[in-house]
Amino acid sequence: MDAATIATWMHGIDVVMREEKDHLVQLDAAIGDGDHGTNMTRGFEAVVQALNADSSSPPGKLLILAGRTLVGTVGGASGPLWGSALRSGGRVLGDQPTFEGMQLVEVLAAALASVKDLGTASLGDKTMVDALEPAVETLRARLSGGASVADALGDAGDAAEAGMRSTIPLQARKGRASYLGERSIGHQDPGATSTALIIRALQRAVAQAS
Amino acid sequence: MDAATIATWMHGIDVVMREEKDHLVQLDAAIGDGDHGTNMTRGFEAVVQALNADSSSPPGKLLILAGRTLVGTVGGASGPLWGSALRSGGRVLGDQPTFEGMQLVEVLAAALASVKDLGTASLGDKTMVDALEPAVETLRARLSGGASVADALGDAGDAAEAGMRSTIPLQARKGRASYLGERSIGHQDPGATSTALIIRALQRAVAQAS
Amino acid sequence: MAVETTHMRKFLNEPARVVKESLAGLAAAHPDLVRYDAAAQIIVRRDAPRKGKVALISGGGSGHEPLHGGFVGLGMLDAACPGEVFTSPVPAQMLAATKAVDGGAGVVHIVKNYTGDVLNFKLAAEDAADEGIKVTSVVIDDDVAVQDSLYTAGRRGVGATVLAEKIAGAAAEGGAELAKVTDIVKRVNDRARSFGVALSSCVPPASGKPIFDLPEGQIELGIGIHGEPGRKRATLGHAAEIVDVMVEAVISDLKPRSGAKVLAFVNGMGGTPLLELYLLYGEVDKKLRAAGVEPARNLVGSYITSLEMAGASLTVLELDEELSKLWDAPVHTPALRWGA
Amino acid sequence: MAVETTHMRKFLNEPARVVKESLAGLAAAHPDLVRYDAAAQIIVRRDAPRKGKVALISGGGSGHEPLHGGFVGLGMLDAACPGEVFTSPVPAQMLAATKAVDGGAGVVHIVKNYTGDVLNFKLAAEDAADEGIKVTSVVIDDDVAVQDSLYTAGRRGVGATVLAEKIAGAAAEGGAELAKVTDIVKRVNDRARSFGVALSSCVPPASGKPIFDLPEGQIELGIGIHGEPGRKRATLGHAAEIVDVMVEAVISDLKPRSGAKVLAFVNGMGGTPLLELYLLYGEVDKKLRAAGVEPARNLVGSYITSLEMAGASLTVLELDEELSKLWDAPVHTPALRWGA
């Protein structure tokens, strides 16, 4: 995997966020403020533009650029969280031109750590962590067990989606949904939903690369 | 006819205004500000209260009291118009304890003159004048022709209703409806409508008296 | 009754008491400025009557807040007579207000041109004259959406009312005499024009129902302040297009001197947030300059409203040095305050 | 796009440009007070930076106007960073604002407690520190509708924000140093509590649809300022009953000294007219007195809003002599003005 994989990933996120924009807005309207779809779309549109203007950087630098762009354009909770996540992930890769499966795990683990550090959310708080953490753990476990990157990412996507669905019965403890108290129960978290989309986009980008 | 006739008339107006309140509000909402039903109800409720407290005055004084009460409680355009109308009508009767048909004509003619003087509206301007003027003229013509008061008032009521309906195709030149310009066409004037109700109430009061 | 009440998006107790309770709240919030005479249903400047000062009163139906009660205080009105919602007050209120504020120098009645207001104020002025008070009346009729004609009720009084109350109030505060203050009100009315648009109907508390039904995506052009529909219904376009219509309507009728300094008043109808009013002001400012006048003063906010109607109006007043100075003079009322 | 635009009762051009165009309009209307830096999307006090004066900035999503841009000026904020509607601004805006206003005495960031605002301001403060600017941050969290807990995002920042900006702004204008101004913001936040209710949803311009569906006759209790539904839905009762709920929620949490002087802030959410806000104030005034505190100061109007939402919030701040004096000190901003 290399810089093109990252670029394809970011393009894929951009496309799927636009497709799912209304759905994410609806989810956020139910327990938040109805802008998650707009926020993610605005952010990844800007990321794609920034990446289009950069054809020479190594993958780690592209991730840092993407993260910086998210911080600079999204606002809201998801901007600094995903922005810092991608920056932290990018730093793992330094200047190397390519990377392998276990390094991808470290990238995502650094992203997860950054989200948890900045947002102080834990598993079960009904946030994006509920999708990202199982994805990272599944990816690590499957690769350690000898699975191909493609297979492991497929399972990571499943885990993210399961984590996403697991947010439905939860009462939110972080983010805007926490203001609703018990009324947040019964709704799927928008950030967990977009996170599952991001993992699926990664799976497709890697499949395309191989 | 005597003070009791006036009291019955005013009671009758009070009852019918409450019955027709919503209808008058609707008519006024279409081409005015939607308060004509509330205005007339508030006014005649107060008139009935004032008259209940006065069991000794002659009919002219009761009309003046009714007019003063309308001026003091209605506001809007209809308050001073009907208020001045009843005061002018009452003055025609002075202190006399009873009155006859032709005197009733003079009462209503004075009321009409007062409305036209204060409001500067003429026939065809789409106002209460369009109901009141034909009623007064019909009453005078039928009584001069020898009809009974009861019959003449029946025809006056018909004339008032015809006048009321005649306002539908008109473009308003006075009152709030005039602000609508051509959009006032096709709607029945609320003030002409309540005027027709007032004439019908008079017809019933006189029928009851005889 | 309880059922009717609940069918509105309003904070109310008994719908019939909304005006009285709101006035009591106004007085409770601003005891340093005004008092509420509940028996007469009038708002009176706390220190009225002021001996030797010409007094200004205005009034009309309620539902246009802060007009008029919110404009009672230093440098503006001496009293306000609020009627029921969208219904002219009765002459007794106007007479009580006139008597409460007369300091011997006379009282100016500022009357918006609606049949009800005009007739009721007329009866009140007659009563006041009977009691030996010098009263002058000026009828405000600045709404260009209504065709002016000798044979009709004429134009409505809208945004210019606020400007006239402020500017003539400053003149009176500064010691001008009755004829002069009256003349200032007339000059403001002469040199001001307005045009309003609505994006929704309002809901009078008494009926609990919208006055008219305006589907989303439609706009009423040429509305007044009583929830009445406008002269014309059109498709809702961009704010820039709407401002084009407003500026054109106002300027073509006002015909200001080229290069004239004007006061541009962008007014919200009650349900339109400041976010949009400032967006409108940005367009208005550009378009007035393009039309060859200079918006040297402005006022942006919801000052003469139609309950919770979504909509806005534009009033343009051609200024001269005297009017500008009076506009800038201190004012201290519940709703308008500067320099004090 | 044009079709979406027309499905709202709003004055807009391109929905995506509403914030920028509104800010440009604000600056056009008040060039004596503020300037608009369009590149950075910030509103800056015209005479910033003022050497030696502690500067205050705030910001957050738009849609709460006049907050924050309308509070930039003498005796209040030095700059405001408005994000898109209901979306926190980005750190670059906050950094630009911080740099534009720093007069060497340090900059206070007033941050409403929303995850987005907190995180973005945190990143900005780190950047500012890297550039050698002294920055302190205070997070406002006065909304008693949200249960406070170590394990959650905590309470929202609502009405107290306006009061903190005014009061700390006066301290900074009066020459107080960074630690003192920071402390004043914290004290206002410590001694203020709020509770809000909604009678309708608002409609964000980007989606053009209501965020939640609230049938007539229903009320959302415990709402914030982002159009989010409240903690609880109930049947709409009389205003007096609603005020009971608000006063009880605020006072039982604030626990003011008996006989304490308080500032009572009755705030409209954008679509509730002044007629109703004053009616609410009348009830609030009575109930606070009954609860044993004295509403010695008040503010009634739509100052921290949620677009065109129909609704209101109550904020009660327990005063002391210093806070009262700072509240009374001159302020001159587009939305709040007295003594200047």
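Read from first to last, the chains carry the letters A, B, C and D; within each, the first residue is number 1.
We adopt the following convention: a contact is a pair of C-beta atoms (placed from the backbone, for glycine too) under 8 Å apart; a residue touches a chain by one contact, two chains touch by 3 or more.
Model, not experiment: these values are computed from the prediction.
Colleague: Which chains are shared contacts of chain C and chain D?
Modeller: none
Colleague: Averaging only over C-alpha atoms, locate the centres of chain B and chain C and give their separation in whole Å.
Modeller: From the centre of chain B to the centre of chain C is 32 Å.
Colleague: Using CA atom averages as chain centres, what separation in Å is found between chain A and chain C?
Modeller: 54
Colleague: For chain B, which residues are shared contacts with two or more other chains?
Modeller: none
Colleague: Going by the touch rule set out above, which residues of chain D reach two or more other chains?
Modeller: In chain D, the residues touching two or more other chains are 85.
Colleague: By the document's touch definition, which label belongs to this structure's chain graph: line, ring, star, complete, or other?
Modeller: Topology of touching chains reads as a line.
Colleague: Name the touching chain pairs, would you?
Modeller: A-D, B-C, C-D
Colleague: Across the complex, what residues on chain D touch chain A?
Modeller: Within the complex, chain D contacts chain A at residues 61, 83-92, 114-116, 119-120, 122-123, 143, 145-147, 151-153, 156, 204, 206-207, 209, 211-212, 224, 226-229, 231-232.
Colleague: If you look only at chain D, which of its residues touch chain C in the complex?
Modeller: Per the touch definition, chain D meets chain C at residues 5-13, 18-19, 21-26, 28-29, 62-63, 65-66, 70, 85, 199-200, 216-217, 235-240, 242, 270-283, 285-286, 298, 300, 302, 305, 307-308, 310, 312, 334-335, 337-340.
Colleague: Given the complex with chain C, which residues does chain B contribute to the contact?
Modeller: Of all residues in chain B, those touching chain C are 25, 29-35, 38-39, 42, 71-81, 84, 118-119, 173-176, 178-181, 183.
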